[in-house]
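Here the chain labels run A, B, C and D in written order, and each chain numbers its own residues starting at 1.
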Amino acid sequence: MATVPLSHALLLSAALFAIGLAGVITRRNMILVLLSAEIMLNAAGLAFVAAGSRWLAPDGQIMFLFILTTAAVEVSIGLALVLRQNHLAKSLDIDAAGSMKG
Amino acid sequence: MLNCLWIVIALPLAGFALLALAGSRMPGRLCALVGAGTVGISAALALAMGVSFAVSPPEGRQFTQTLWSWMSVPPFSPEVSLRLDPLSLVSVCVILVVAFLIMLYSSEFMSGDEGYSRFFSYMDLFVAAMLVLVLANDLVFLYLGWEGVGLCSFLLIGFWYKVPKNVVAARKAFLVTRVGDAALLAGIFLVVNKLGTLSIPEVLSRAAVSWPANSGAANAAAALFAVGAAAKSAQIPLHVWLPDAMAGPSPVSALIHAATMVTAGVYLVARLHPLFTLSPQVLFGVAIVGAVTLLAAGLAALAQRDIKRILAYSTMSQIGYMFLALGVGAFSAAEFHFVVHAFFKSLLFLGAGAVIRGLNQEHDIFKMGGLRRAMPGTFWTFAIGVCSLCALPLVTAGFYSKDLILSSALAAHQGGIWLWLAGVIGAFITTLYAFRMLFAVFFGEVRTQVSKGSGRNMTLALVVLSLFSVIAGFCQMPSGLGGVSLFADFLAPTLPQVREGVGRLQGSLSLVAAIVPLVGIMVAWTMYLHRPRFLQGYARLPALAAVHGFAKQGFGFDALYDYCFVKPVVYLSRVNRRDVSIAYVGAISRVAEALHYLLSMTQTGRVRWYAAGVGIGAVVLIGIGVLL
Amino acid sequence: MMLVWLIGIPLLGGVLAWAAARVHPRASQVLSIAALGIDLCLALWLRGSHVQALTQSGAWIAQVQWPWIPRMGISVHLAMDGLSLLLVVLTLFLGIMSVAVSSSDVRDRPGFFHLNVLWSISAMIAVFMALDLFLFYVAWELMLVPMYFIIALWGSENRIRAAVKFFVFTQASSLFLLIAILGLYFVHGNATGNYSFDYAALLHTALSHRAGVWLMLGFFLAFAVKLGVFPFHGWLPDAYGEAPLAGSILLAGVMAKTGAYGLIRFCLPLFPQASNSFSLAAMILGAAAIVYGALMALGQTDLKRLIAYTSVSHMGFVLLGIYVWGQLSLQGVVLQMISHGITAGALFMIAAGLEKRIGTRDITRYGGLWHVTPRLGGITLVFALALMGLPGLGTFVGEVLILLDTFRLSIPLAVIPIAGTVFAVVYSLWMVQRIFMGESAPRPHIADCRGRELLSLGIMAALIVWLGVYPKPFLDTSAPAVTELRQSAPEARPVITSPRELLARGLP
Amino acid sequence: MNILFYVAAAIAIVSSIAAITRSHAIHAILFLVVSFVSISLVFYTLGAPFIAALEVITYAGAIMVLFMFAIMLLNLGAHAVQRERQWQPRIVWAGSGLLSLILLAQLAWTFSFGKAQTGSLPVAPSQVGAALFGTYLLGVELASMLLLAGLAGAYYLGKRSGEPEHPKGGADGNGPA
């Protein structure tokens, strides 16, 4: 089975991570920020799995599992909060929630 | 008998303590009694000791009494020790007698003044300090008396403290004399440093041994002591405080600024004369200062209108004579003139006080006049004082002491003739301003009425003083007139004999010196009494008016010192009130605040900005990782 | 054992005073005076009983050494010689005076106030007796905390700013002290193998010149700030001005002396060569402080700040005297410290009295008080004369001894302080005349000083006169201690003879 | 086999970029689903079939559906799309894009050293299962507790404030959860 060099896999995860980061920084809609966060999480998981396959050890995949659970929990809580925020502040704009100023 | 020497000082000190602590509760008469009494008793004691000293002098004609050792740090261990020798004995007696008479006078003069007990306590403190100065056998103990005297002059000049002018004058007096004291202190340090001892006879003997004539150390020490003496005796460079010191009551001016304190400088130079003979240059400098002062002060006195300021400048010029005598090496002549001057100058001041009191605080002589009939007692005693001041030949004591000075100035080996000439011109000017004052005050028509005559005590004091200022001269007669030299012989061991010039030139010149006062009286009479209009004509000339104004301010010394010392210091302290040297403390706190503001700017509150911050942080860290 | 009691009694007294305050506010004051009184008697008894220790130099009057942290070489090592005995007696005396007189401006929480006063006094006594550098540093820090509370809680208008400024200034400088102590500890440790903080052990450590200079500067900075020397006196006018009466007296009277004591006991003996090369700069600093303090005192309108600046000027004399390191100048320094403590204490009492009577500290609003309060005027005059060094009063003896030794060292250096004494005349007379002379503004009736205030001021006036007229007992007490110190560090004495060489030497 | 990897990677990247740039929320989510599916394909090529399946089930399935619900609940209308567009002007994209590119370049530079190969042997789910309940037993328990916490949190936050613990009427969620 032809193999893929580890650096390429890591490169892919880095790219996805960067895309996710750009999304978090740019989007003002809370949901899409959460979305981009998901991309970043997934990229991290990809890196783990790539490393796991490189060392032929199941640890990478187990780590992905844990990332998966956290991602799931994070989304559920995140969305609940977004709903509550939308209910309170009548807007999904992330900048509106700027009361914690220095 | 002699070892109760310390009681002479202790009595006035006790008087001071008693009056200071319980003065306000004592009735007026008791205050005067305590004040004058203590001084009287110590005067009597001093005279008794004087007699026993003259009758059976202790060995070496000097007696020292050490009370206790003041500080005991090995090389520098001053003792509180007193020394009685002819010089200090004469000075003590004169001081105590004059002080007692002035106290007697002021018991009536100051009656009714609300600070009555305070006045007598300060006077007692002054007498004690002056006695310490005169009797001190230890340089630092002398310095204690020296400063104590300065302190009392400060307290007494500012006695009527309600008037701001007096307060400023008091501070000015203490400050200027303190400059001299600093020089004196430096001199003492030099002496201790080089000779290792503080007791005066020890210092003089070691100086004679280890310091060659005209050596650097001798010159420096003598110069420093001379500056100290000049400041205390109000000689030219440091004289600005004396005319203002007239702000004090008249008895104070009589005692402190005529008879005793201002002559402390003369006493110091006389006491340390072996040190001064070691440096002829400084001695000659002293003579020059004396000559310059007597001329300048005389001229300034001519231009004054205030009776007490005339007498102040006159005191300055008479002390100029004493410095002249010291400068030419005639130390006993200076001491003799000090004695005579103490009598007639305190007489003049007390007379002036009586006049001022009589014309309820009128100081300007041209507003007085014709007091001859109104206050006969004061007039006659004042006239005797004036004659003694101008050294009326043969009759007054002033003649003998001034003649002694002039003849010894003539005999001086360095610039004698010029000094003599200055002295004679000075005598002429003295006669001018003295009789100008006499005519203005006592002759001519009455301008202000006399409201208060002088009482019994006051006239008694005036009469006794006038008596002294006449007979005091006969104990030291020049060789031409009977050659009695009782005074000089008495002082012989401690002060060198007076070298009288002999020969025809001497005789003729001293004759000239005797005639000058008479000529002076004639000139004064014509100018001020006979044809005053003659003088007014000249007075309007702009040049003469300018000179007159300039002389009136005491030749601009006041303005000079004020400009180059007082103004910058006051300006500097006012500008620097906020203490610029610790501004850096404020600067540190301001920098901290600025940094704080910068950091708080980053907390914008927008989530995306924080995410970007995290991103930037990651990039930076990885960048560092990558680069290193 | 006696020394531990000396520190313990004020500590105990403080706690009791705090407790007693709940019973009756006056009780805490009485109790603290009693505690300090017992302590003072203890100290005087020590002086009396150990006379023979005073005669032959080198012997400590009393010494206590208990192991504290043996592994680090730290021990509670307290010892007392003539110098520290005099300073301890001065501390206790000023403590009693300040507590006795300051009942008026301490209305809220008197118990806590007296606790702070007593604890700071015991810390100061510990500073004067600690011979273990670690214990010295602990006591040095402990001194600050109660004083901070005294200023911050009972001070006048902007007391918080002044208290913080005081605390930050002294705390920052004592950090340098800590670094220097540790530096010395380690240098000594790896040089000789035994790591110890003990003074005797650290005394003769071999130091390279550069290390010596840096460590010495660490010590010097901390002590110079506490001494209030010219460039480091930023906190002094504010702290003295804003502190309550007891605070000002303790600050001016005793805390400044801890700085001087530190220099004499630790800075010069521990680093003789470094101090020698630094001595010229320090002496010039001292002389500058004299003139600068005098000049600044002239410009002040707040009476307490004026007295603070006079303290800067007098501490300039002390610094000059210390770095001349002569037998005369050091004994002069001891006397200058004692007489300045008394003079500054009394002047602060008078300033507080005047502020209580007239309601403001602004000196331009005073005037013509002599007529109303002659006794207060008389006493102020005595202390103003002491301030300017009139012979016959304590300060003169101190200044003369210092000036003479400086004169023997180098004449140009002695000229500035002598000019400084002339300046002193200006500000002290100006102060007295501004308050008591001149026309008096119409004022409600003001009571002259009597009772407790008159008694304490009278005692202090008597003391300053005794110091001036018969200072022998004080000089004899400090003589052996001073000779011992000078023998332990002979190289610290600078050698500047001719002005040319002075200029050639220039700054080290 | 590795051709498949590169194709899937490309699809993943493109669809991710599309996901974050769509102004219409639903389109974004759909693109994301495509991205997750392609990533699961990548997992497969890397020899982790179990994870690939999981990825599709949880990520693409559960989480995206959750997002879908959220968006549906918020019933973002046409005006939302319009607002989205003017919420992120081009300039902001440039800034964040630049930052991401820098980050990408750095990571690329650091990863470019390794020579190792991946996916030579697939890691069987049995191995994963054994390790899961072997060494990582504690981790699994923690993960389950985490999920429980998430459940409780979501339930509590989802409830509108002021609503009683047990609604009196029928369990008809009257209004958005």
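The rule is short, and it goes like this: a residue touches a chain if its C-beta (ideal position, glycine included) is under 8 Å from a C-beta of that chain, and two chains touch if they have at least 3 such contacts.
Since we're looking at a predicted model, the values are computed, not measured.
Report which of B-D and A-B is connected by more C-beta pairs in contact.
A-B
Can you compute the centre-to-centre distance for chain C and chain D, using the mean CA position of each chain? Integer Å is fine.
Those two chain centres are 73 Å apart.
Taking each chain's centre as its mean C-alpha position, how far apart are chain B and chain D in Å?
Centres of chain B and chain D (C-alpha means) sit 104 Å apart.
With chain centres taken as the means of their Cα atoms, state the distance from chain A to chain C in Å.
Chain A and chain C have C-alpha centres separated by 67 Å.
Measure off the straight-line distance from the CA centroid of chain A to the CA centroid of chain B, and report it in whole Å.
98
Can you list every residue of chain D that touches 2 or more other chains, as numbers and ranges?
In chain D, the residues touching two or more other chains are 95-96, 99-100, 103, 107.
Provide the list of chain A residues touching at least two other chains, using ranges where the numbers run on.
Where chain A meets two or more other chains at a single residue, that happens at 21, 25-26, 28.
Could you list each pair of chains that touch one another?
Touching chain pairs, listed by label, come out as A-B, A-D, B-C, B-D.
So in the complex, the part of chain D that touches chain A is made up of which residues?
Going through chain D, the ones touching chain A are 1-2, 5-6, 9, 12-13, 16-17, 19-20, 25, 28-29, 32, 35-36, 39, 42-43, 45-48, 50-51, 54-55, 58-59, 62-63, 66-67, 69-71, 73-74, 76, 84, 87-88, 92-93, 95-97, 99-101, 103-104, 107-108, 111-123, 127-128, 130-132, 136, 139, 143, 146-147, 149-151, 153-154, 157-158, 160, 176-177.
Report the residues of chain B in contact with chain C in the complex, numbered from low to high.
Where chain B meets chain C, its residues are 20, 24, 68-76, 118, 140, 143-144, 147-148, 151, 154, 158, 161-162, 164, 167, 170-171, 174-175, 178-179, 182, 185-186, 189-190, 192-193, 569-570, 572-574, 576-577, 579, 581-582, 584-585.
Can you tell me which positions in chain A touch chain D when the two form their complex?
1-12, 14-23, 25-29, 31-32, 34-36, 38-39, 42, 46, 49-50, 52-54, 56-62, 64-66, 68-77, 79-84, 86-87, 92-93
Residue numbers of chain B touching chain D in their complex, please.
Residues 612, 615-616, 618-619, 622-623, 625-626.
Within the complex, which stretch of chain B touches chain A?
600-608, 611-612, 615
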